[in-house]
Amino acid sequence: MPKPKVAFYWCASCGGCEETVVDLAEDILGVVEKLDIVLWPVAMDFKYADVEAMEDGAIFATLLNGAIRSTEQEQMARLLRRKSRVLVAYGSCACMGGIPSLANGFAREEILKFNYEDAPSVVNGPRTRPQLSFEEEGRKTHLPEQSRVVRSLDQVVDVDYFIPGCPPTPLITKKALAALLGDAPPPKGSVLAPDTALCEECPRKVGKPADLSFAQFRRPHQALLDPEKCLLAQGVVCLGPATRGGCGAQCPAGNMPCTGCFGPTSRVRDQGAKILSSLCANLEAKEAPDIDRVLEGIPDPVGTFYRYGMAKSILRRRVDLNGG
Amino acid sequence: MNPTDKAAAAGTGTPPAAEWTPRIVAFFCNWCTYTAADLAGVSRLKYSPNVRVIRLMCSGRVDPQFILDALSKGADGVLIGGCHPGDCHYVEGNYKMLRRFRLLRRMLSDMGIEPERVRLEWISAAEGDKVKLVINEMSAQLSALGPLNLPGKAKGWDAELTAEREAVHA
Amino acid sequence: MEIKRTIKLESDRVPGFGRDLMKVPGCEKLEGCIQCGTCSGVCPLSIYMDYTPRQVMALARADFKNEVLRSHTIWLCASCYACTVECPQEIRITDIMYELKQRALREGVYVRRFPIPVLAREFSEMVRKHGRITELVLVIRLFLKTDWLGALGNWRLGLDLMRTGRFTLWTERIRHKGDVDRMLAAIDAGNGKHP
Amino acid sequence: MPEPRNGVRIGFYVCHCGHNIASMVDCPAVAAYAATLPNVAVSRDYKYLCSDPGQELIKRDIAELGLSHVVVASCSPLLHEHTFRSATEAGGLNPYCFHMVNIREHDSWVHTDRRLATEKAKALARAGIRRVAHHQPLEMKRVPIHPDVLVVGGGIAGIHAALTLASAGKKVYLVEREPSIGGHMAKFDKTFPTLDCAACILTPKMSAVRSHPNITLWSYSEVVKTDGYVGNYTVTVRRKPRYVIEELCVGCQECIDSCVYKKPMFPDEFNEGLGKRKPIHIPFPQATPQVVLIDPEVCLNFKRGVLTDKCKKTCVEACAERKAIDFNQKEELKEIKVGTIIVATGFQPFDVKRVPQYGYGTYPNVYTALEAERLVNASGPTSGEVVLRDGRHPNAIAIIHCVGSRDRKTNRWCSRVCCMYSMKLAHLLKEHSGAEVYNFYIDIRAPGKGYEEFYDKLNEEGVHFIRGRVGEVTDWAMTPEEEGKLVIRVEDTLAGFVRRIPVDMVVLSTGLEPHSDAQSVRRMFNMSCGTEGFFLERHPKLAPVNTYTDGVFIAGCCQGPRDIPDTVAQAGAAAAEAMALIDRGHIDQEPNTARILADCSGCKSCIPLCPYTAIAFDSATQKAVINEALCKGCGTCVGSCPSGSIIQNLFDDEEVFGEIQGVLADEPN
Amino acid sequence: MKLAYFPGCSLKGLGRAYEESLLPVMKHLGVELVELDDWNCCGATAYMAVDEVKACVLAARNLALAEKTGQQQLMAPCAACYLVLNKAKHYFHDYPAIKKTMDHALAAIGLKYDGDTAVRHPLDVLLTDVGLEAVRQKVVRPLKGLKVAPYYGCQIVRPYATFDDQYNPTAMDKLLEALGATVVRYPLKTKCCGGSLTGTVPAAGMRMVYILLNEARKRGADCLATVCPLCQFNLDAYHAKVASQYGPVRVPTVYFTQLMGLAFGLPEKELGLNRSAIRLDWRPEPVPTPASKEAVTA
């Protein structure tokens, strides 16, 4: 029996997810042993043509990481969808848009202008911008076009499974792969991570007070944090209660609050709205001005609550942006 | 944003301008504001017919997801009605809503939604006339702002996807 | 004894007059009048009026336009606002009186040679021209247009005022003379009629 | 359009409510539209769904068509939800597999464009249909009722309610703020229109209260705190110090005679300050309880309320071995448990200083109605002789109606009793003084039994009625006969001219308004107030003594101005409502409670949010749990749970999202 | 403190004495008044009868001019101006359609009104900002023995009672008492003086003047104190005419600012006292008080 063919592909991503695959360490050998890797641009040399040449459905599973942010990425997503029996959104960007989808708060033109013209580090006298096509010596080169809206994978193609995390930990990756290869694969659309919020596995849960009430919010650098006490009880915005567990609470263990990379549980449609609801309800203040003063401690609610999930939030994008 | 931009922002799927009236989804608490709306009815006060009331037991039940969901599904504005501070049937549910509201408004404005589109009002069971007043006022305000039309906008955003795309946004 | 029919028929009404009046800023609350008579009770001039202020409210609300616009009452109102602050229904009676005066002027139905409307007209004309009022000039014009014989009767008063420096022939005017005209023209040009 | 849910078969019914709905909403069109929606098995319109045949229709459909859920679009659920839930249950379904859509109060009654109103009705129907598909069978919650009753306020309303309950064998706590019960009625001379002596009909009831074994009377006491919910209220009452031990005092009043103040010299509250009393006093001869009290503000043994022990204490000597006087008495807090509460806290008369144009306080001969009441009372400060503050006897008296009533600048409402009591005072003043009496009124409102006849009688007696609201009362004299008089300037609106009428005495018929502390009382019992500040009844017609808080009832003028017969009737009704609850022994409550799923991460964010401490942390499972008995169903924890792990019966996320989608989904065509 | 100052037409004509006494008194109290450059007729009550909106626009020009100076407050001593300016401001805030018209008309002459300028009456400023104590400090010749009937007239308390009770205003009573005068209880203190009816319908006007004067006389007042140029004119200039119809009722009528000037010991010729037809002859005696010593040394 031939080994199942698998593909790893990356779109708008930082490469961290690829690292995780490598971080499987010696287990990677097991993977290679059981699977036939047919595409992995970050590690091996394949061409598009190789993939296009495959029959539809020839790949058993594709783990695609990164958000979809350009015409090329969209094309590849479609291509791989066609060629794969199972398409897995791997990592926060593919699952929810990830950090790249924070760009949904800006118009494309704003971003291009800043990056190619206005950023303090840019020296670009003629204000050159990337061209979509370019002709030199009779050869025509095409570049992919950056899309206006950053999307999660499932906003572009049909997705079978989601493995969240920025990046997904080797552990859940291993578990997920095992589940996929097992006899009873999970139902389509599943998120291959626990459906309970992070607090359950957080070492700081022990001794968390039952009368949480916020008089102020602090950012981690503004205070000397108690390494054992619940971060929320110290006034630090921790998204743990609104975020799936499965990571082993590594950030809180490292004295940093959870920033929400595993996304919401299946019962929640909008992670940001839910953490906002919970944090605010527990404020101490009663009058609007006092409330506002406390909430000034969260200077950028969008960036804080949708750090990894703007694309999959209910609003998806800053709504007053047209065209650009 | 200038007026022409506003019209452009409305995107596709908008009815002709003459026919458009704003749609308001209202979440009213059972004890004060819903009862006030009943009183407005019993008193035969007349107000703009573009509001749809959803009854909850307390304004504290209003999950910010409801507000976002209503906006994304085509509401031009969301009105939340609760008991006056100190009068909540459940002691302090209205304060909890007020706190969410303060941050939500800020967040919405960061997301390009005019703060006037989401409104929190304290309306006691006796204030039928306030129901009328607030709805009419909000209706006028939203008319002035123009359509939010998030479903239409989302369609517009997705027009950049290649034509052969699968239907994934049902 | 000469007898007169005092009955009013439907044809004496001008339907819509009352409704229309109540659309004017300041006149909205007329519909709430409960005919309690407080306005007449506090009005210092009600004792001279052909209709008491309360009756004017009733007539206006019931569309008796001609009766109201031709009444002396509206011109006797000295705008002391006593009725307005006392009205239990918060009807701004003084503002309604102003509106009725304006309508009477516009329609030219006020009592001829009755000095008050003439004063109002002269006053506004002078403001339009000079931007300010010079009382002596105003008074002279008023008497010439209404009762020039009456002016002779007041010569002693006039002399006294000249003597104490309170009447001068020096005409007060603003520097930007065109301002008033331009503002008024802008109102008249702006969407036909102002509210 | 969502996929039809398996097994969900919805019956949709739209009610015409006669013309109430049908005149503004095209009901057949709504029914036809609903029939096209997923899961709808049957859709009908009907003239009166709340009628028996209407309910039968629903029951029959459930059986014959195998419905799983029912939606009715008609009036407010606050009115008829119960009716239709019962019909749903009678049809064989769980009553909570029902949802009600409000297209009357929220639609047909408030809109004027039939097309838009019909569109709105369709949208609301769609929302209800989408929502109900998520409804699950639920069980009612049952709460036992403590049989004791608290009655707050010892006026005629509180007295009557307490006696009614006590005679039915219920134990009643009657709490009154003043030293004696009796309220305003005790101050009246006669009652209209029968001219019964107020004291003669009230005092027997007052003594009955005092002697009834089932009534615990706490006068000079105030409720300071109320906790709990229907059937199980815990109430804290503050008993203010009288400096006289109530159980020891026999009301002999020898202490009063022996007070070091030989003459009464402090304004007497009961006589509206027209008479005088001593520091140790009894409010009035028939006061109940018959217990004296000491006013520490003026008693020599105190200085500004603080005990100094500097007086000779002749009162203590007089009390001798009874030892009822106790200068060291402190206020006491008592906690009681009751199942139901009747609030009968009454009204306060309008403060006439707010209408300075009538000269009260400026001209001594201007009186309030209550002062006039004391002035004509045989047991009043002048023994019923009408003597003015300046010692004169009036030849002409003006009674000005609607002072602090029917006036948007003060109180907008009609106080209902002033016309009648003004006429009563006109009769009594004329009888006692022989003066000419003028009534200045806006409209005479005499709609009770025998009231119009009383008006006729006064006309026959030669009392003058002038229709006109008085502009001002002044001492500015225009004519010689006005010199030294108070002059009324008024338009005689029926004659059509302005009149000036000189009089010697002016009586201001003050309106009734809510107590200035009505708002705090309201909060204490979790009631609502109308815009005018009176306590709000649950329904103006069908639940006039109920409030929005189960187990709390209202009676008398705290709900709105009314006369004695209406007050007594209402007090009886409130007592009956309380008894109905007590005798049933329990109350069924909406099962709209919240529940925590096993997916809870134990983050504890919800625990501090619950005002009823219904949420606790289970250390065994390391998750939060909700005590259903304590949960009142507000849903605040549900809206706040960051991982969506709390659900609320009847208001769950999916139900609400369904409704949102329903009201916004575009028309199919 | 510093305020913009709107004299209005009357204070340049019939009410000249009001301005003449107001300016030195305010200066003496350290209140700086800067006359609004190029002010126009407030739109007064007669204009209201012709076109209320236009009257408001006239008023708005003044309010806009005041805003342009950067002064938040505009003092309007004439009761009619005070009312009309206030009314325009109210309409500006209450009626969007009228606001639009105002904006439009002002734009035509390059002005803009934001609706902020507060319109203040001198009495309001004296009681609220300056304070009675500061007034008392300046009194060097208390008006001891002078019986004054305080007469407010209509329009400073009606319909916008912004600083005093509309039924029974007491600001001037308190002020006069601070000056040392005896205030007579005067029930007609807010009754109408007849306004322009004295000229247009003398039968009614004269009677109203007579009633006011006669009541002051009956109550033993040495003079009436007014806050409005039209009231002062009516109560002063028609004495002869009133006497010919109702018999003599000689009571001088002065501006409250004139009485302040007398009490402060300001030079009499600055106060315009001789502009009245019926002059107040009474003069206060100087009493050596700490304040007077101060005044001498200052």
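Each chain gets a letter, A, B, C, D and E, in the order it is written, and its residues are counted from 1.
We take it that a contact is a pair of C-beta atoms (placed from the backbone, for glycine too) under 8 Å apart; a residue touches a chain by one contact, two chains touch by 3 or more.
The shown structure was predicted, so the numbers you read here are calculated from the model rather than taken from an experiment.
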Set of chains whose contacts include both chain C and chain B: D
Shared chain contacts [chain B and chain D, defined touch]: A
Chain pair with more C-beta contacts, A-D versus A-B: A-B
Centre-of-Cα separation between chain E and chain A, whole angstrom: 73
Centre distance in Å when chain C and chain E are each reduced to the mean of their C-alpha atoms: 24
Distance from the mean Cα position of chain D to that of chain C, given in whole angstrom: 48
In chain D, residues with contacts to at least two other chains: 357, 609, 636, 639-640, 653, 657
Interface hub residues of chain C, defined as touching at least two other chains: none
Multi-partner residues of chain A (at least 2 other chains): 268-269, 274, 277, 281
Chains that touch, pairwise: A-B, A-D, B-D, C-D, C-E, D-E
Of all residues in chain B, those that touch chain A in their complex: 1, 5, 8-9, 11, 60, 63-65, 67-69, 71-72, 85, 95-96, 98-100, 102-104, 106-107, 110-113, 148, 150, 153-154, 156-158, 160-162, 164-166, 168-169
Parts of chain C lying in touch with chain D, wherever the complex brings them together: 34-43, 46-47, 52, 54-55, 86, 88-90
Sites on chain A touched by chain D in the complex: 195-200, 205, 208-213, 232, 240-242, 245, 264-265, 267-269, 274-275, 277-278, 281-282
Contacting residues of chain E [partner chain D, same complex]: 165, 167-168, 187-188, 211, 215
Chain B partner contacts - residues on chain A that touch it in the complex: 71, 74-75, 78, 81, 105, 147-149, 154-158, 268-270, 272-274, 276-277, 279-281, 283, 285-286, 288, 291-292, 295, 298, 300-302, 305, 313-322
